[in-house]
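These are the structures, in structure tokens.
Common to both upcoming complexes is chain A, partnered first by chain B, then by chain C.
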Partner chain A sequence: MLVGMSWSETLTLLPELCLLVAVCVALVAPVLPPLRAMFRASHSPLTALAIVALLASIISAIALLAGVGRLTPPDHAVLGGMVVVDQFALSVKIIIYFFTLLVIILWSNVTRNQVRLTDGPDYVSLVLSGALGMSLMASASNFLMVFLAIEAASFPSYALAGFNKQTYRSSEASLKYVLIGAASSALMLYGLSMLYGYYGTLDLVPIAQRVAAEGMSVGLLLGVFGLLIGIGFKLSAVPIHFWCPDVFEGASIEITTFLSVASKAGAIALLVRIMMTLGHFSSGEHARQILIGIGTFVGLVGVITATWGNLAAYYQTNIKRLLAYSSIAHAGYMIMLAGLLTASMDNMQPTEVAYALLFYLIVYACMNLGAFAVASVIARETGSESLDEYAGLGQRNAFLAVAMGCFLLSLFGMPLTGGFWGKVRFGFQMWNEGMWWLVVALIINTVFSLYFYLKPIIIMVWKQPTSSRALSVAPAMYGVIALALFGVFITGLAPDPSTAWAKRNADLVFAAAPDRSTTAEGERTPEAIAARIDTEAGQ
Partner chain B sequence: MNETLLNLMIFVPLIGAVGCLLPKNNPALSKMIAMVTAVVVLLINIALAWAFYGEAGGHGYLPSGGDTVVRFITDKVWIESVNIHYLVGVDGLSMPLLLLTSILNVLIIAAGWNVEKHTKAFMALYLVLMFGMYGVFLALDFFLFYVFFEVSLLPMYFLIGIWGGPRKEYAAIKFFIYTLVGSICLLMVMLGFYFLVPDVATGAAAAGGKTSFNMIALASDGGVQQAFAHGGQYWTYAKWFFILLFISFAIKVPAVPFHTWLPDAHVEAPTPISMILAGVLLKMGGYALMRISYPIFPDAAKWAWFGVAMVGVVSIVYGAFCAMAQTDWKKLVAYSSVSHMGYVILGLAVLTEAGRNGAYFQMIGHGISSAMMFFLVGVVYERAHHRDLNRFGGLWNTLPSYTGLAAVGFFAGLGLPLLCGFPGEVLSLMGTFGAIGWIESAPDWVPFAGSGSSATVITLGIFAASGVILTAGYILWMFQRVYLGPARPEYTWSGRDMVNSREYFVMAVLALFAILLGVWPALVLDMISNTFNAIYAPFTSLTSTASAALGF
Partner chain C sequence: MIGLGHFLTLSAILFGCGVATILTKRNAIGILMGVELILNAANVNLVAFNRFSWAGEAVAQGGVPAVDGLMFAMFIIVLAAAEAAIALAIFLNFYNHFSTIDIERARMLSG
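== the complex of A and B ==
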């Protein structure tokens, strides 16, 4: 039992605790004399440790999801309201853990042997602590926690980006990442300190209430701006996206995969939670104007990000850079949708937006995992990440070519694949909230993106292969790719089950109310919580 | 039973495609599997047509009247969250096109018998294309239709891109991007339906307030029709949706100015793929206009009649002039497709019964004649290895039987009476002139309503009719340059290069249908009449006067 926490509260953080234990074991066990020889002999024990820890996290998260109401207080606040463990957070965490698990499998089959045996513990502990930070991002409900979670996710990422110490590109990527990360952290911290100075609290709900009562303030403006920079950095939103293509190119491919999905999933969950809390706890005419302004700004950032990503992808000849820009574009789509949460206040259905995002995350995880998995196999076999290596892939290994084609078309949004439903749901929600300009931007961007998603397919099908050597693929990789393919098509052909899951778990996503003692009982609806806060203020 | 057969029609090609991929290093077996699949589907189709037209009262082979003419319906919920159904069925609008598709499939697989490169993949992709085509013609749910529309797009892209000529990559990507822009227009209309229909549909309450993508229901639901009608609450949307749908389908047809992908695609595509592209895929555009645009938005169709008719007339005349300017034989035939499909657009635009019948007949007739023309070009191209019209001559001397069949094919394209190109053109022209009646008495939001109508319609009609003369010009000039004149030694083939019996079979069957449809157009017109009467009921009041005036 942690200090000041009940057992049930400790249990709600079990997934994170599993990771934490594994990180400690990975760091300590290899230096213990009895175990040293075993860890020095191969990477296998570490891989097994990571897999076991992640499986334990996934299982505990699934168990928590089933019984989340019984373990947490009604508003799901844990650690005195620092974090919220609700269904949305747990769902995003399951996606993150599952994805990290597959990344570890990818690593053990593709680039593990390039990592020195003495570096193995560092590597595994960095990946796991990165996942830990990302899952905290999905739960954070206090701005201090927001900052800590973003940093906890960022620091391992910086180190992982530069993990190929011998290559110049990797170090360059890492340095670039650190510098931009430091700058955005500083700006975010500045904004948050303004918020604290102005409102005297870092809890989300009271700030939202004050906004409703008092309207615009300089503190709010700077605070939101800093916050958006911090989250935008993790989401690689334009104009703080410059690290993304370089890091994706410089880092080894499984790290790229990891950063492209898990990190963004955490960040988007955080953005949703903040926007949704702001949207729900600030009513009144003042707040309305401000929120519409914030939402429109976020939506605009999303449009610019998506457009930039799609246009910049045109000129890429490196598959990792191409997929990096594609992931920038997809982050743009998700930011556009998050903007809806406060952009239109009439007839607002926030849970619908949240569930569209949750569904999109599932699909996005599948298709990006698949595309990167194929790319990693090719890179390992040919030693190059250039698109030229895809020439005639259809003749060298038809399965890889067909799978890659499916993933790219799903990223584009072809009907019958999950990507299509992801985008269509976005379109539905945007239209529903009356944001027709977002729908137009989404459609235009989708048309733009066609060309560069088709480019690798054209090369795979029509160019003559440079070598006729058949590609050898590890059975586990076939498994990962087939799993991703299954995910893409099951969400495309029969989207009902995954939709239902997303819908069920995209329950009202709020930050915790400030003081747990007053909210320990009663219903967890925005009205009920607001009423409780009002009575408290009245006293 | 019939419902099962109908579903089998869609899915048997898919099973066949998997079957084609199974044999290793045995292209002959793959070809056999493809052929067997096509024949089985043809037999299923004939059985279905027999059942469809056989059991009705009165006319003997016409479906009985009643509320709906759609039969053999399968309706299963596919995606519950957005109320999308797997809804398929057949009516008189789809049946002739299905038969055309099934017949052409067998002939095209025969025509592709000599594909040497990746035979297995070719046949498998072709069968996937078949899956898409049958799906498009049988789907009655708007979303399902859209899905099949897309499904038919991908295999075509690869079929042009892998087996095509020198500029295949350019042609394939151009085809893909054009058609995809069309799909996105379609998607926008679907998004619109999703939000607008539940508010107005009278049937929505029964469906739990959910949107119905059922195309038949959309066209017959009183509430929806009223809202999209002139003066209804969604009249502005109706106009936009009509325009978006028209762009989407005009790209597929293709009509000027959306036609530029077609010559490239045809020139680069291998012969069998050109045949199916011209024979069936272009018809998807016309079919979709008839199935979706006109029945669901009758008032918007009246509002847009002049614009649509202009697109048709420009396609006819411009396509014909372009064809005349070509020296590439295949490109000439490709532009003739643009010109001929213009009659389909024109016939639909004028909203008369004769025009509609002409448009439909033109689709079937052009399906036969264009497939045949492309095959005729392909037979010579495979031997001569070029398509430059100015270098040919005197084929009549060396290939007399082939030239005889070629005459049937090209004259059918020309629109000679008693061949399949004639009834469609003449009916849609008659329908155009017949439109004077209803436009004269139309309300003033219809363009050229009132006294100006006759001059406008007659001018349109004269320009469209001039297309017939232009067509005769370029076809005869082409025929003269290729077939007539003294024999040339380089075009004298013997031994293995002689036109073989497989090729004669394909040409003969197509020639047979060209003649059959030419002398007996009622065969097709009777097949569609009941359905047309039912789904174009909103227009019948318009057409009665005009048709009466012309004796139709």
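== the complex of A and C ==
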């Protein structure tokens, strides 16, 4: 083997391997004759399989983060430079897996019975392979891996958006999603091919070093532009955001929840890694100008995305569309912060900015999960996703109304909730970087967003209910909503523990794979390889 | 002598055709064809850059010819096939509901 791969390197991908095994089991086990009857009887075995696999992934990711036994995060890129498993990547992965676990619980309590029993294995394997792709996005450090991870996250998402085959909306949503996704990934690939043509490598670290040494090039410009299209599609950044509300409305609600957080967490982690690696090596004055230019461009995209999302949310009457625009706006805030990262390497540690993002991801996952969980309960009970159904919710089920109010206010950024501290930390980082215009944009956007976050609350409190029937909620849903409420308030009232966790676990590694050509494998000249092939053939 | 410039010109033409197809076609399969044209433009780029720029350089430095670009092109071909499979399944489902795959008809969701 030319590129050797040791066990300790393979073990760093243990969380992904757990998911991969579960995907294979979910596809194969239901067609094996002894097990077929069990899987045809109910969805429960598959749900249990998914939960076990995700728990195994979470545990192995936590073990890697803590460095238990042989599971230690390596200080260099593994698998020949394809992926970096550093603390930041592992933290994002834990958030993604935990969120996927809650999505599976949401599915088993709300919409599971709409999925036919024969389709259950497909559904579970699609969700798990989507989570696999998203977690690879968080640690990709080679542009081939970036492309593979984005596609591995996208393909299951296309299929899941259209999983509800009987409905018109679902099929239209998946059509729009797949066309926009295919076009944006094709444009990204054209940019990446130019990057390869100019630099002769696809590894992120050597490219960043060359950029620092040589400054601007046409290849870099086209490559970064293509990459931003590809990542911007996953994050629903503004020129390519319009799939987001349609897909969120058309897909069933737990898929919407999945796409709104897990997919965006993976994409923002990828953007952060690329921007920070470029910034880490920017020593020369010439390179700094270019990187500040790229950072400003990304920040500007973030500002436009946040503003657009907040303004378009004004007219929404469907709760899923409202939350879709809200998630566009929040993606915009995160892109704004990512724009800082190219310039932030001189005067502060990279963890200083990365931790703010990690903290924000935790808060964002909690509040979005909660809002979508309440919306899914109401959609299931009333059969409609219109905001009119929220009229007088306080009288029909006070817990749901109070919880929804808390989640919406946290999304707005109300003090005492986690959303407030997330935005405050963003604002401080932007101010420290001297990007005062980003701070202004953040504040103005927060003020804008107050109206549409208050609209459902006003409807819930002051409008008369159309029906006085009490809403029944499954106990597990109470658990999920209570967990999300706990997350929102623990990060809001006592932000220090989660901040400390985020600070401790926000380290990124900027190092290529060690060069194996002269160590274990001997020389890599053509003659040496030919000689080795001869000796191996002779044995 | 055919050199790198010729291949880059070919890929630029393919890219232009692909973008024009995506922007003008109203048929979903037509758009998918445009996407495939762009993907193949990227493939031509990768293979040509690998052949003319980087394979030789690695040998000159005393290594084996670099194959990064070729590997990337292979992955693109495989994933383009997977993408087409998913896209066609979704188009078929759309056709079952709307009896057409004209994307102008996809306007139930808007706002």
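Rule of thumb we're sticking to: the second predicted complex is superposed on the first by the 489 of 539 C-alpha atoms of A that agree within 3 Å, B and C clash if a C-alpha of one lies under 4 Å from a C-alpha of the other, contacts with A are read in each partner's own complex, and residues count from 1 in each chain.
Following the convention adopted for this analysis, a residue touches a chain if its C-beta (ideal position, glycine included) is under 8 Å from a C-beta of that chain, and two chains touch if they have at least 3 such contacts.
The structure displayed is predicted, hence computed values, not measured ones.
Chemist: Applying the document's definition of touch, where does A:Thr201 land relative to chain B and chain C: first, second, both, or neither?
Modeler: Only chain C is touched by A:Thr201; chain B is not.
Chemist: Output check: A:Asp496 vs chain B and chain C. Expected answer is one of first, second, both, neither. What do you get?
Modeler: A:Asp496 contacts chain B only, not chain C.
Chemist: What is the contact status of A:Leu148 with respect to chain B (first) and chain C (second): first, second, both, or neither?
Modeler: second
Chemist: Please work out whether A:Phe225 is in contact with chain B alone, chain C alone, both, or neither, and reply first, second, both or neither.
Modeler: neither
Chemist: Which holds for A:Trp437: it touches chain B only (first), chain C only (second), both, or neither?
Modeler: After superposing on A, A:Trp437 lies clear of both chain B and chain C.
Chemist: For A:Phe399, is the partner it touches chain B (first), chain C (second), both, or none of the two (neither)?
Modeler: A:Phe399: touches no partner chain.
Chemist: Which touches a greater number of chain A residues, chain B or chain C?
Modeler: C
Chemist: Taking the two structures together, which residues of chain A meet both chain B and chain C?
Modeler: none
Chemist: Along chain A, where are the residues that touch chain B in the complex?
Modeler: 414-416, 424, 427-428, 431-432, 439, 443, 446-447, 450-451, 454, 458, 461-462, 494-496, 499-500, 503
Chemist: Which part of chain C faces chain A closely enough to touch in the complex?
Modeler: It comes out as residues 11, 15, 18, 22, 28, 31-32, 34-35, 38-39, 41-43, 45-46, 49-50, 53-54, 57, 59, 62-64, 66, 68-69, 71-72, 75-76, 79, 82-83, 86-87, 89-91, 93-94, 96-98, 103, 106, 108-111.
Chemist: Help me check something: in the complex, which residues belonging to chain A touch chain C?
Modeler: Listed in rising order, the residues of chain A that touch chain C are 144, 147-148, 151, 155, 158-159, 162, 165, 168-169, 171-176, 178-179, 182-183, 185-187, 189-190, 192-194, 196-197, 200-202, 245-246, 249-250, 315-316, 318, 321, 517, 524-526, 529.
Chemist: Name, in rising order, each residue of chain B that touches chain A in their complex.
Modeler: Touching chain A: residues 79-82, 146-147, 150-151, 154, 158, 161-162, 168-169, 173, 176-177, 180-181, 184, 187-188, 191, 194-195 of chain B.
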